[in-house]
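These notes open a run of structures that come right after.
Each of the next two complexes has subunit A plus one other chain: subunit B in the first, subunit C in the second.
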Partner chain A sequence: MSAVTPRVVTPRVDTPGADAPRVRVPSAAPARPSRGPARHRGLRVVRWTFLTVLGLYFLVPQLAMARFAFQNVPVVLLNASTLFSKWSASSLVDALSQAALWDAAKTSAMLAVLSVVLDLALLLPLAILAEIRAPRLRPVLSALTLLPWVIPPIALVVGVAATFRDVAPGFLTSTLSLVPFYAIWAMPFTYRALDSGLRAINARTLVEAARSLGASELTVLFRVIVPNLSASIVAASGLTAALVLGEFAFASLLLKNTLPTYLVNYQRDSPQAGMALALAVMVLTALALGAVVHMLRRRGLGMSTTGF
Partner chain B sequence: MTGTDLAADPTSRATSAGVWAAAARPSRLVVDDTVGEPGGLLGIVGRLRAGRRPSTATLAMIPFLAFVGIFLIWPMAAVVVRTFTPNGRFGVGTLVRAVTGPYQSAFTNSLMLAGASAVIGGVLGMALALALRGLERPRWLRPTIDAWSSVASQLGGVPLAFAFVAALGTQGVLTKALAAVGVDVAGSGFSLSTLAGMTFVYLYFEIPLMFLVVAPAVGGLRTTWREAAELMGASPVRYWLTVGGPILAPSVLGGMLLLFINAFSAYATAYVLNSSGQLVPLAIRFVLQGNVITGEQGLGYALVTWTVALLVAGLVLMNVLQRRAARWSRA
Partner chain C sequence: MATIEMIGVRKTFGTTVALADLHLHVESGEMVCLLGPSGCGKTTALRLLAGFEQPDAGQILVDGEDVTHVSPRHRGFGMVFQDYSLFPNLTGRQNIAFGLKVRRKGAAEIAETVDRLLAVTRLEKHADKYPHQMSGGQRQRVALARAIATEPRLLLLDEPLSALDAQVREHLRDEIRRLQQEVGVTTVFVTHDQHEAMAVADRVAVMRDGLLEQIDPPRVLYSRPASQFVAGFVGTVNRLSAERTVDGGWFVLGAKVEAVGDTGSEPAAAPDATPVAGEKATADAAPKHAVVRPEQLHVNRAESGAGPVARLVALSFLGAFTRAVIEHPTEGLVTADVLGEAADGLAVGDAVAVSVRPGAGAVVLQ
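So, the complex of A and B:
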């Protein structure tokens, strides 16, 4: 990576008022003109070495996974001459041909969609209200939607087993009983996505304009606000999808068959195809999140994907 | 993030500024709330009791509050109540036994795992942010790392553990490649199921998360401060000790606390790497599945209570630090 990248050449033209550290421009560091270049060369080597090592750390596990999944050469026989032989996608085809996979995938997709819808139904009206009419709601909303961060699935599942099993025994037998809980964990970033979206579109002015033109409240909601919030809604959906694709503790301990729990069981029986499927799930998650990040950037919508 | 970076992409200025607005806001408000949140709720209840007509806003909150109450607060409150009333009477016996009895090692291990991955991930994530500071070429690098961090910080779970098994498991590609050049990974005592191995895996989502948290703070270090320090004769060491360090400290500590919370509650990765491991989340699973001596079920509740108490304390502390950090941060 470092070998092919053009190095930073000094001096360069800085835009006025730009905040780039100008220490690399010799004229801005008059204190040590003699030691400067040597120090900077050393720093550059350290910097690129560090970035390369970190890049390898993030890349190698994925490549190893791809090899394990798609190459039919035992690790013992793996060397330079066999590195590119016997690659095939048959393991993924095997994995995808399992009917049980599609059941689990369907369940997960349904959970994701329902969680997003439930969260939007609960939070969108409140976010709008907090933005245009009752700012005092904001601290309450902000705090309550942060709570799920400190109540992880592995903790909540104990409480759920202790309460719902006694009070509503039928509730937990349905797979759909996961929806409210996934909606809970999706709240931190869903609320923040909606909140930053509402700020970005200047919702108060929009609503006042629409109302003064005679729009009813429902018209304002569905024909003015929601279309303008599409970026926020897509972001919340993408992050929720990633959450549902990744959540294992809660589903597995409540004995539900979602994609992550299926993945673990399937990999136990057929390691290679399981690995291929895991890679596919990982790529799918990364694409969903990547699309969200890209869209937020393009729309200039400030929102942290961490839910903080 | 540097100014020239932003100049290259006009939309990103808005993005980054917004990120800060978004990131700074909740922290400030939450601090108020961790103290005043019951008050806020009690305030609504109180107003209802007082017979005053509740406003539309208050009424609109009811479905949401009911939802959070039923699916989050009620189960957790039940756990806490059962922890403190083991035999129908108030007592802290189970709470004490959970950290001294059979699960003491789970607590020690979880604290060490979360602590180590928070500190190492924090340092490396910080180093990444510093390494990218002022780096303008290649142009694609910064946006790529920004986006990748958002993705990788969420990539915990089952597939990640599989990926590391494929790379560094006993039959892993990297294990074999290293063996070929004479490095015996397994013989050196390294295994993915040990604490060190798990820490190594956890770093995969901890480093990007730290980067996301501290990058705005690093971007907030103004060049003018450094120039002013240099003009007054301060060495780089002095600058970092008296200006840069203190300004970055709250973000760095806050970020590490977030990493700690994240690692302590991670379950799927640990389960795949070592399902019989001595860690709090795995111990909770054990108790929940009934793999305990009769009469010890209460320990499960105590484990959960400890976990949540620890995480809440971390969150509160983190918000205090983030509020300080927000003062100087900008993207």
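So, the complex of A and C:
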């Protein structure tokens, strides 16, 4: 059988009425052509001014932090004339040589992984069920999952502590007690990422297609939904992890030693090294997020399908 | 292959009645198009057939077996969706194989079936592309191959062509029909495009407000529409006044015509008049309307005489014929098709005479 199909050009006989030939009307010329370019130039100036101001607002403090952290110059002498003198990474080396840092980092990493797992285990089935079985529940869920941002951490901690002190006295002493808090805290991000991902892949018709082909519920879930939702799952996990790695209030209130609480305490003792460490963490986080986005793009999954 | 029967099916969404009381019978191997404007219930009917919705009342039978409450998974139907609904994470080949894998067929059998379908749908070159790398037409062909790979008892097509551009649409439309006839699968095809329905279906079911208005082969639907709605939906029509002659014949546009449809009762003979065949009756004929297709009308130039005349108000050249719109003194706007060069002598503004062409077939009375 020939693979090449001769292209059959059917003369189009327009059946009366339905699609009468459409006349393309040339679009009207711009009303005031003379003012067009001037307005564009004005807009461009505004745009660049805005971007420059925003950039400076962001960069100046970073530069100040970097100078404070990495220049062996007394703070009072940090001015324009000393901009290029005595740069050194010694403070960062100091900071990285603290064993307590690595303990705290390990704790935080573990908390991040567990929080991601718990969050996905709770919200992935919920978001899928809501999308496929009960779309009317979606606005309710989306409001409910915003609650963690309305309740301040102190209220959550006090409430939970009061409850658990009687029920399970050992619970709050464990570092792992942070995991449920973080899972709740990350809910708004995770739910939104999953929900918009489900809508972007048109999950409901995919499920219908799979079911009409004879797929069981589990096959639908693991062979159809999860693979196509991977961008959202990665985005949700990345955001949850970033949130956990930077969370201070819960850890501090529950007296746990995580990376953020360690950073605050350490900075109190050695301000310069603490600042160097904070900058390093920031750069690493930015690089990690960039890598995730890049990976998703290469798989043809823009961040747009994740809701962010 | 299977016969399909929907008996007294009713479906409401809240207070909206999507299907009032649908009776539909589809013969084995037949292709039936559900045609109607949006909101007429055609998609609901298809989703009920597929099992994605449950009817409030009524039954759905496949070869006499009641499948009303069988899950879509176990119905063994193939479905093609308007937005293709291919699995984005799978290649064309994997998409087609999906249903077979789910049914745990052997690898060799799957490969053989998929290759055959790829050849039939002329997709060999695109088999290993992902859906987002394919054109709309290719995606829909994959969707079609995926739906028939499992040898379904019934193939359901939900506006499968509406997302495609005109040329691809026509081509794929014919391809769907060819494939359907080759495989011989019973098919229900939902569309809102009357040309599509008329071109592919064995029978067209015109739906309106959740009810079946008429189900007939395309030719019958066109020449003998059961209602004004059907007539208007399957092409352009003129609704002209019809008057009864004393011998039971009908006058349209001042001449006697052949008429079918709801011709009513025989006129009562007027006691004090001698009926003359071919003459218009007077008082006893109830006012009637005749549905006349543009191609049944004849237009020629007329000398402007005394009294009101028909005037040509618009002409549009459509290739094989020219469509003329005529302002008629008593009938309002009348649309007529003038074939070939007969239109050359006509110009907008001309006084014209319009009549039903002799031998153009019967007009339909309502």
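Basically, the second predicted complex is superposed on the first by the 224 of 308 C-alpha atoms of A that agree within 3 Å, B and C clash if a C-alpha of one lies under 4 Å from a C-alpha of the other, contacts with A are read in each partner's own complex, and residues count from 1 in each chain.
As a working rule, contacts are C-beta pairs under 8 Å (C-beta built on N, C-alpha and C of every residue); 3 or more make two chains touch, one makes a residue touch a chain.
This is a predicted model, so every value here is computed, not measured.
Shared-chain residue A:Ala64: touches subunit B; no touch with subunit C. Of the two partner chains placed by superposition, only subunit C is touched by A:Glu208; subunit B is not. When the shared chain is aligned, subunit C comes close enough to touch A:Asn228, but subunit B does not. For subunit A, the partner with contacts to more residues, out of subunit B and subunit C, is B.
Using the contact criterion defined above for the overlaid structures, shared-chain residue A:Ser216 touches subunit C, although it does not reach subunit B. Touch criterion not met for A:Val93: it reaches neither subunit B nor subunit C. Once the two complexes are overlaid on the shared chain, A:Thr163 sits against subunit B while remaining clear of subunit C. Of the residues of subunit A, those at positions 5, 8, 14-15, 17-21, 300 touch subunit B in one of the two structures and subunit C in the other.
Residues 1, 3, 5, 8, 10-21, 201-202, 205-206, 208-216, 219, 223-224, 227-228, 300 of subunit A are the ones that touch subunit C when the two sit in their complex. Taken together, the subunit C residues at the contact with subunit A in this complex read 50-52, 71-79, 81, 83, 85-89, 98-99, 102-103, 119, 122, 124-125, 130, 132, 146-147, 150, 156, 166, 170-171, 193-195, 235-236, 294, 316, 318-321, 323, 335, 337. If you check the complex, the residues on subunit A that touch subunit B are 5-8, 14-15, 17-24, 28-29, 31, 47, 50-51, 54, 57-58, 60-65, 67-69, 75-76, 78-79, 122-123, 125-126, 129-130, 133-134, 136-144, 146-164, 180-181, 183-184, 192, 195-196, 199-200, 239, 242-243, 246-249, 252-253, 260, 263-264, 267, 274-275, 278-279, 281-282, 285-286, 289-290, 292-294, 296-306, 308. On the side of subunit B, the complex with subunit A involves touching residues 2-5, 7, 11-12, 14-23, 25-27, 29-30, 32-34, 36-37, 40-41, 55-57, 60-61, 63-65, 67-68, 70-72, 74-79, 82, 124, 127-128, 131-138, 141, 143, 146-148, 150-160, 162-164, 166-168, 171-174, 176, 180, 203-204, 207, 209, 212-213, 219, 222-223, 226-227, 230, 233, 258, 261, 265, 267-268, 271-272, 281, 284-285, 287-289, 300-301, 304, 307-308, 311-312, 314-315.
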